[in-house]
Amino acid sequence: MLQIKAQLIQRKTYGVSQELRLFAPKLAQRLTAGQPVLVRTGWGLDSYLRRSFHPVTIDAESWTLRLPPSGDRGHAWLRMVPEGSELDCLGPIGVGYTLTDGARHVLCLGEGEMAWALLPAVTQAAERRLSVTLAVGAASARYTIPANRLPLAVEYRVVTTDGSRGRKGHLAALLPELLPWADAILAAGSIDFYHQLAESVQTQRGMLVQGFVQALYQTSFLCGTGACLSCVADIAGGRRRVCLRGPVFDLVDLLH
Amino acid sequence: MPIELAPHNKRGLTLDSPLIAGSGAVGYGENWAPGLTWDLFGAVVTAPLSVRPRKGLTPPRLAEIPAGFLFSTGDHNPGFRRVLQRQAPLWRRVQTPVILTLVGGEPGDRAWMAMRLEEIEGWVDGIELPVPEDANLGEASAFISAVRHVTTLPILVKLPATRAAHLARACVVAGADALVVGAPPPALYPTEEGKLLEAPLAGPAAFPFTLRALRRVAALDLGVTLVASGGVHTLDDVALCLDEGADAVQIRSLIWTDPAAAKRLALDVQAFVESPWAAQPDEA
Amino acid sequence: MPIELAPHNKRGLTLDSPLIAGSGAVGYGENWAPGLTWDLFGAVVTAPLSVRPRKGLTPPRLAEIPAGFLFSTGDHNPGFRRVLQRQAPLWRRVQTPVILTLVGGEPGDRAWMAMRLEEIEGWVDGIELPVPEDANLGEASAFISAVRHVTTLPILVKLPATRAAHLARACVVAGADALVVGAPPPALYPTEEGKLLEAPLAGPAAFPFTLRALRRVAALDLGVTLVASGGVHTLDDVALCLDEGADAVQIRSLIWTDPAAAKRLALDVQAFVESPWAAQPDEA
Amino acid sequence: MLQIKAQLIQRKTYGVSQELRLFAPKLAQRLTAGQPVLVRTGWGLDSYLRRSFHPVTIDAESWTLRLPPSGDRGHAWLRMVPEGSELDCLGPIGVGYTLTDGARHVLCLGEGEMAWALLPAVTQAAERRLSVTLAVGAASARYTIPANRLPLAVEYRVVTTDGSRGRKGHLAALLPELLPWADAILAAGSIDFYHQLAESVQTQRGMLVQGFVQALYQTSFLCGTGACLSCVADIAGGRRRVCLRGPVFDLVDLLH
């Protein structure tokens, strides 16, 4: 973990969302998909707590955070801070997604806003010429990742609750057709979805084995070092500090 | 310039700097943020320990408020034996004094833990006993005396800020070597998840309560040393506390939220106590 | 949807909106910030009145703290007679209920003022009695009963937030029609001029204390109406208070620091109580 | 008094000071020299209290506030807020300087940082072709108003404690030579200086009459409407609300 001033070098606005690209080579080089970075969101004392962001892009010198539409005070500050400002970053926190050596067919499954956390892993897998499918579920078309944000080689599947894009329904409905093909799964969604996913895997493959599904547990972090015990969750057989064990867990641990 | 926090105790408790990493800021001594090290602090106070493990509060445990947060773990901890087994070798190795926070459960729990510590000479340098927010004079006196009877270690008693002046004298009579002023007042606010959390204040919002409690306790002139605690974030804050009669000062949230600022503060405090006129109070 | 704050009082105290301009937010009814008018509020509570004029605290009276400020005038006021002479015609003219804050001095002062008010039927609609931070149960009961014996006006008793649950029942027994929860806790902080000021918290930093006190008083289920007060700034804050059992809510600092936001809040609250689902909670 | 969003249209940096020009026609049109404007200095809740500024320029559409070198959190925010931002302003507060019709020889006396509050009055008096002398006292040259900030026609006199610019000494030392000439005085300084000024006037002219000296009382404001009683000062024969009676007082009232 580092504490570093990252310069805001680019702000892109997509409707009510924004993406901020931050120049911070040392941090970018250590950062992997799914690892949160804690960012101060004020020049003064308000907001006092850092906001956590899962990177949506990572390259050699910079990373990008995404501001979803939200009423959060910290996000509001980030929407207004001028380009060129230095943002105080603490990270990377904990454990991110890893592309295991054996995997050829990588299935990425993302629900709603959380799907964005998969992007750097999707990109990296495509760069390694693995075959990648990204499947996302959202309330409607406007909440899905635009296809032009993905590498060309990635197969992209969308499910929306209102049918405004892709199939109508819930992401879980795609699992029967996608699971047989996959030999590694990276997931980002709710605990409910993870239970559905685990059940589907068991149904389709007989058993959910360690190492098959990596799942991001969403929470907020105060210290990121294991000291404060604010990030604890009842997962992996006890009350665990997510900042040390996660936030990306093996699905077997996460649910047991 | 060393600071003696327990001048009337045979063992004494000598700090190289008045800045203390307070109540669990670095867990039990193993959770250090980048850039922070033992030698930056005059002492380290651990997270709370109870005889038995405690699961603490069901999360969420954190609610952001204007300029601070409400925060409580509900004394979540792995229990006395486990922590001692795992951490005592570390405590023994470091030069910086280690102060253990002991919390209750069954009557006699704190005294039982203090007795165990008495047996392992040289691993631990002091005990901090937090007085619960709603404890009355009799209850506070009782558990402090019980610990006092079984230990020669310096005892720091941590008082709730809003009731500090009311409780202070009884705690000194019961055997406190130093008073920690204090635990910030509890409040209620929605968490990010929309649950209403009742917990003590933390962060800069807590400091004005600390300062008021400190002034009131210092005015009692009880003949013990005083440690300010709660919301301390800047060199100005530290200087105000020392002016108002504190012998040392604890920080916690700052270590979590801005380790680089905590490190700067630790170095500035060291420079300040050498020569208060040389150090520049914060500009932000 | 009118709100009855004194349902068991013959005179009653009916508000058109649950949002009240609290303790001196508009002085004695004449100090209105741009854009603000009587009709935006369900009632107006005046600055404090004592029998004799009071010079109050020597300035500075204000210290900025993180996300708020410490503030006290020390009951600075021109005295009961002067204010009544100057302001009563205005109070008589306006539709909005006017609640007078009466503060002590000699024993019997508050009752004396309440008696005078009883004589001038129809000018004033209620009395607010702040309980001092350090008053004990007996003291609070005594002056509330004294006022209760001489007036038929609705009495709102304002409790210190940190001790509200402790004092509430005795105040109701002594004759309160409504409880105002509460006066934010006092703290200590340097002013811009470098003087240490001890005064109650104001601004958004105060709200989490209000909410905690409100929950605790509401849990006692005392059969009186409750008014939340202290640090209320947003529609979310108002909604939380109403959820936790408040019948009405006072604002003060917001009127001083951001009259336009106070006006928006007043209109939003009116929309919200008509239809809680239609109004959008604040986005900032 | 108005509450208005003023757009930050220009930021000029002078060493460690800054001047921010704010576009706000309605406010600018009502604003006179010496009248404070209360400005919010944060997007969030910190700093919570507004900062008060005496304008250093006023024109038909805009006014300028000056950020002195300071450690204040609110000032720090204003130093960083980007051009184009809207700043929330509440003002004008109370009573400013007035150029009385009879005055021909206007003497402006400013101490240290406060001298800047005189600038709009100096400019306005020069525009009316009155004869104007501005005399300032400061600790050293770097704290004085640069001569190029003044209209050409203004006579400018400087006194510094360290002699680094103008005469060495204190502003009060200039009074014997300046007072006989003046038929109106606008002053901005400490209460100590005002006492010296009153004494000098009495010595030189026999008596300090109402209407001769206008003096700015420096304090901070919370509400600006007379409600909060935070701005009170023991002046003008009692404990007065500066936001209603001042902050520019007749010197006779201010000291008695």
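A few points about this structure:
All chains are identified by letter, namely A, B, C and D, in their written order; residue positions are counted from 1 within each chain.
The working rule: contacts are C-beta pairs under 8 Å (C-beta built on N, C-alpha and C of every residue); 3 or more make two chains touch, one makes a residue touch a chain.
Keep in mind the model is a prediction, meaning the values are calculated, not measured.
Separation of chain B from chain D in touch steps, taking the shortest path, is 1. The greater number of contacting C-beta pairs, out of the two interfaces A-C and A-B, is seen for A-B. Spacing of chain A relative to chain C, judged by their CA centroids, is 48 angstrom.
The centroid of the Cα atoms in chain A and the matching centroid in chain D are 54 Å apart. In whole angstrom, the spacing between the mean C-alpha positions of chain B and chain C is 37. The residues of chain D that reach two or more other chains are 44-47, 73, 76, listed in rising order. Shared interface positions of chain B, defined as residues touching 2 or more other chains, are 66-68, 203-205, 284. If you draw each protein chain as a dot and join the dots that touch, every dot ends up joined to every other dot.
Against chain C, the residues of chain D that register as touching in their complex are 1-3, 40, 44-50, 88, 90, 219-220, 222-233, 239. Considering their complex, residues 24-27, 30-35, 47, 55-56, 59-62, 64, 66-69, 71, 73, 76, 192, 203-205, 255-260, 284 of chain C touch chain D. Contacts from chain A toward chain C in the complex involve residues 45-46, 71, 73, 76. By the touch criterion stated above, chain B contacts chain C in their complex at residues 65-68, 70, 162, 185-190, 196, 198, 201, 203-205, 207-209, 211-212, 215, 240. Considering their complex, residues 66-67, 281-284 of chain B touch chain D.
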